[in-house]
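First subunit A sits with subunit B, and in the next complex the same chain sits with subunit C.
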Partner chain A sequence: MQADEMIPRSHVSAMSSSSAMPSSSAVPMADSAPATRKVTGRLALWKVMPLACAIALLTCLASLLWGAGQVGPMQALKALMGQGSEEARFVVYELRAPRTLIGIVVGMMLACGGALMQVVARNPLAEPGLLGVSAGASFAVAVALLLGIEAAGMHVIVAQSGALLGCLFVMSTVRVRGARQDPVRLVLAGAALSSLLVALTSLVLLIDQRAADEIRFWVVGSLAGRSLSALYHCLPSLLLAVVLTLWLARPLAALVLGEQVASGLGHRPERVRQITILVVALLVGAATALAGPVAFVGLAVPYVARALCGADIRRTLWLCLPLGVTMLLTADVISRLVVPPSELPLGVLTTLLGAPVLIAVVRARRLPTL
Partner chain B sequence: MSVDAKQYSPAQQDCASHLSLAPTLKTDALTLGYGVRKQRVKVIDGLTLGLPDGKVTAIVGPNGCGKSTLLAGLARLQLPESGSVLLEGKDIQHLKRRDVAQRIALLPQETHSPEGVTVHELVRFGRQPHQGALSQWSQQDQSVVTAAMVAADIESLSERELSSMSGGQRQRAWIAMALAQQTPLLLLDEPTSALDLGHQIEVFELIQRLAHVEDKTIVMVVHDLASACRYADHLVAMHAGRVIAEGPPAEVVTPALVRQLYGVECRLIPDPDTGTPLLIGVRRTHERLSGSAT
Partner chain C sequence: MPETKLYRSPTFCSAVSTPTSPLSIASAPAGTLWWRWGAVSLLVYRAPLLAACGLLAALLMSSLASLTLGSAGLDLLDALKAIFGIGEFMHVFVVQELRLPRLLAGMGTGAAFALAGCLMQTLAGNRLATPGIIGIDNGATAFAVASVVGLGASIAPPAMALSGAVVAMALAFGLSGGIGTRGYRFLVAGIGVGALFGAGTQLMLARVSIDVANNAYPWTVGSLNARDANSVIWLGIAMLIGLPLALWLGRGLNTLRFTDRVATGLGLPVARMRLMILWLSVVLTAAAVAVAGPVGMVALVGPEIARYLSRHKGVPLLASALAGALVMVLADLAGRTLLSPLEVPVGIVMAVVGSPYLLWILLRSPR
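Our next item is the complex of A and B:
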């Protein structure tokens, strides 16, 4: 009798475990059970990358098709094909296309900036938007506007300088005793800096009503009404950042293995770290000059990239490109559609998408180590 | 005072290092320290030492005697206060970091195995000193990596993640990474700390094989004097930043040396299997350690 019962029971358990397998392998997050993990818990980059790029392209298309205005997706599609009304073509080519292009660049810059900062800080929570780097950039721009610096190209440099100062401040707190053991401390220090800078920025707003309108433009993260010329001003520093990142990738990956290991492999940890901070400032500063402070992209995107392909910074950076575009444009498209004909600020949407990731990371039993 | 242990005055240390046939790696009046100006602490004080080629050298000594600092200095990780580390007769500080990394591989005590990194990926890092900024991964790099994994006996686990492996396996993976650097010199800082006995033996036998079969020069900091006696060809005993004895374990390890190093009493007998000195009956001494300084 007992033996009879045993057989179906084990059979059932085998059934349930086999039915659980596909769902856990389809979502290869960090929590996949050790039993289902064959060799590694991650996917090969060449398998993930095409899919990620395809999804990024779809969000680009969506960004061209949907908007807050009168031109609906069908009209926009016709306009893309070279048909449709004059108005639709104007909206698609003159408004949505530049906006999409800026969104692509900003998404990539923020995601890569976040990934780089996390490696340098050895902290998965190091996110430029949360830690006051973006706030530093927008505060610097606000001060520049108050002082009457009008030249469009200056904004980028000013924002990058502000980002660099914010970056240096936050990174210096990493060196404070205990901060390395407790990644949440870094976020607290960053949040303090961030609120301070936001408060100072609002003070600047009060001082000068004339500059206030222009400053508000920078204080709220948004892709609306940003011109392509701003993008051109970012290109030189973007190019520099790309070159430096390609040069940095190898030593940075070695740095993750430990300071002395990297030195033993012939790298200079201190210099690598300094240049990385410079690159983060270039990227986040330029992104802030383009779209204002946008938080959580630099946190959520690298987190997902690592979960998919492992912690190696070289893979993370590649994957950050399409995933950054996807997250930023998705947030932007939703921001246009929620309360038409007006728009939600982009930062609100990225926070809605990104904050759950932050909570997930903090609540994880064991913080993923970098 | 001991009679049988080799006790060196600084002048005699000079002679000793010149006796061995110009070792690839040696130090010349090396002084290393920490801190700045007034609070400067000398950890290594005027050390002249030659590391014999193709041998396993073990650096032993009590906690805080400067073993790890010496190893960091040998690997060019620390700028000497005075004196120098000579690699093939040239001051290591005048060599490019990359050139040093092509000759000396270092396995520090503090390593970090990131999540999601496999053995194969870790071992690939060892090729970095040989890769140009734009050079791609070559067939030769791949064969070196495979050979390194075979030598460290970790090849069967090459696609496993480091985080899913035992301490001994992980340490073998790290040694494979150092081997992939293809250096004649290998510096290991406590390669067996935190390993159980079985894994310790595994790693020590690998180290011995590397020196005796592959003709590598190995310098390792070892906490445990018994293992140093068993597996090292050459023993360097350090106390308070100075070398107090140096030579084959069977010749230099004496009860007096052990007392001076660790402040414990013991007896020594030759290992019936290998003839290397075996410490037995270790107990605390009542004599103060400082009293027996040379």
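Our next item is the complex of A and C:
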């Protein structure tokens, strides 16, 4: 409401006094979407962030306390305090803690990867899992296993290159068709690409029984049975991605205002876009190597983050960190509790949580373009 | 929002009954065949007719190939004799018990998928709007799997598949607020619904023992391996009713391609027509899914081939059904023979062939 009153007033002042240079230059700023959004009562980051972090911490605690096995929450709590039985302490420290840690990292990576991809594609539906980026990563890993690449560290690099190829392909479809005006077409192209890659992956698994046994559980997306060493293999690329993201935040925020504004501000839009795609591939590839293809986290989390405190990528990314952890760990905890002795694939639960968000975005009367 | 147009030419009329005007056409227009029997006349475009004949011939050839090729090699002559129960016992067994039912199931499912796809595409005015993409396949699969793993206890898979398909359709259409009104949005809402049902299927498979899950597995990828005889019979019934009904609706479908106002002005009950087409498409899809699982790509590729061969004259329903059957039989044959000791499920073959095609449709330059 405030913005609606402010814009006409500045118009009036610009028209009434010819000497009002600053206010006349402020008019186009007030008209552009991010500036008005900032005024229209979105919450400030410092108000939301502590709450989001608290919720994320609570889900971490829940992930330590509840499990599919015999050790109940009370025993686990005792074990956390340093008491309790030997078994409970083993389960909590050796099984649940690494799993929670991996879940935290994967959730952050997927959420940030989604947020970055959405800015580059200027499309709120651009989600790495939906667009075939994770499918590219898992196909690359399946092929690598078929060719006999064993080293665990290689998987990360292979998955990242697969993710990069999938990313480049899907983004080139945006370029070819100029589909910016039609955000939904990109999703269709992504769905086609990802169904192709999933079919090829299952073909590879069919051909190579050994590879199939090795990655059968990985290919549906799960945090179960991942060791911390897999996490260490991801660390170098993760560090690189963090550095690049910190460097990218300002140019990306400028890019949202439009290509010409960005280059006017001294950024190089093409270069920024290429590096962002690289970062997305690094993040999503590493996350896929850790947990398998997990869809819809990169869609739902940035969507909620934008709804909470506006479309500025710098704030979205910060908020994506705790929210991504919350969503992934919530899905993981539920996946342990639904079928007690065994577990559900994580991807199933993130889909159940995230697909309604996709429908909600599409249902919105005016599709927001980022 | 730009929408892909289904057809290049807005030419209309494939069958004209009783020329009412006294100035009846003296000779058939170019590219058509025209018959008159007293007061009744029939005008048929030549291209769709030729396409249908060609597709039928190709279907027969590929059926023969499907009967002869396989792990147990047969002569063409042996195979033909074995159909009628003549020849060695082993040959007769292989053909009559194994290959012929599979072939028939493949033809039936392919035709049903493609016909449903063609109907849905025409209805939505969008060549990408196939039942598979808008999630109807996945809905039917989820419910059919539910009946197999024992959640829906003792309800036959075809009935469960039908209810699943109806629920998915209602969700996809309800959530996107009508058919074709919002272009691609409706498709993405369908993708969301499909993802939900896919996750539901996984959820149910994870809850049951590994044996039951293995039983239901072929359904989740789409395969002709785990056909249930009952479901095949239901598919046959659905096709026997559905194909003539679709052909009868075909003339109205041509009119439906105009705007609603024009179609109403030409005397078409648009709303009722839409509803009938929608139901027909859903029932056919459900019956096919109950037999073969979600092989939705056939519904995209079949009508596309038919449309190309018929030179985009009218809505090629018959040619679509034939092309779908042909594609399905060929895909199953390829899946059985190419990686020989292994059998690749037909759903995977179709996804590998069909997805690049879908991408190509999306990416090629607009006309």
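In this text, the second predicted complex is superposed on the first by the 328 of 370 C-alpha atoms of A that agree within 3 Å, B and C clash if a C-alpha of one lies under 4 Å from a C-alpha of the other, contacts with A are read in each partner's own complex, and residues count from 1 in each chain.
The definition used in the following text is that contacts are C-beta pairs under 8 Å (C-beta built on N, C-alpha and C of every residue); 3 or more make two chains touch, one makes a residue touch a chain.
Please read all numbers here as calculations on a predicted model, not as lab measurements.
A.B. asks: Kindly classify A:Val362 by the partners it touches after superposition: subunit B alone (first), subunit C alone (second), both, or neither?
C.D. replies: A:Val362 contacts subunit C only, not subunit B.
A.B. asks: Once chain A of both complexes is superposed, is A:Thr351 in touch with subunit B (first), subunit C (second), both, or neither?
C.D. replies: After superposition on chain A, A:Thr351 lies in contact with subunit C alone.
A.B. asks: Between subunit B (first) and subunit C (second), which, if any, makes contact with A:Arg96: first, second, both or neither?
C.D. replies: Neither partner.
A.B. asks: So in the superposed three-chain picture, is A:Arg185 touching just subunit B, just subunit C, both, or none of them (first/second/both/neither)?
C.D. replies: second
A.B. asks: Report for A:Gly310: first if it touches subunit B alone, second if subunit C alone, otherwise both or neither.
C.D. replies: first
A.B. asks: For A:Ala199, is the partner it touches subunit B (first), subunit C (second), both, or none of the two (neither)?
C.D. replies: In the superposition, A:Ala199 touches subunit C alone.
A.B. asks: Give the label of whichever partner, subunit B or subunit C, reaches more residues of subunit A.
C.D. replies: C
A.B. asks: Contacts for A:Arg226 in the overlay, against subunit B (first) and subunit C (second): which applies, first, second, both or neither?
C.D. replies: After superposition on chain A, A:Arg226 lies in contact with neither partner.
A.B. asks: Mind listing the subunit A positions that touch subunit B in their complex?
C.D. replies: Where subunit A meets subunit B, its residues are 30, 34, 37, 39-42, 247, 250, 253-254, 256-261, 263-268, 306, 309-312, 368-370.
A.B. asks: Under the stated contact criterion, what part of subunit C meets subunit A in this complex?
C.D. replies: Those in contact with subunit A are residues 1-2, 128, 133, 175-177, 183-185, 187-189, 191-193, 195-196, 198-200, 202-203, 206-207, 221, 339, 342, 344, 347-348, 351-352, 355-356, 358-359, 362-363, 366.
A.B. asks: Under the stated contact criterion, what part of subunit B meets subunit A in this complex?
C.D. replies: 72, 75-77, 96-98, 100-102, 104-108, 110-118, 121-122, 125-126, 128-129, 131, 133, 159-161, 164, 178, 181
A.B. asks: For subunit A, which residues count as touching subunit C in their complex?
C.D. replies: It is residues 125, 130, 173, 176-177, 181-182, 184-185, 187-189, 191-193, 195-196, 198-200, 202-203, 206-207, 220, 295-296, 338-339, 342-345, 347-349, 351-352, 355-356, 358-359, 362-363, 367 of subunit A that touch subunit C.
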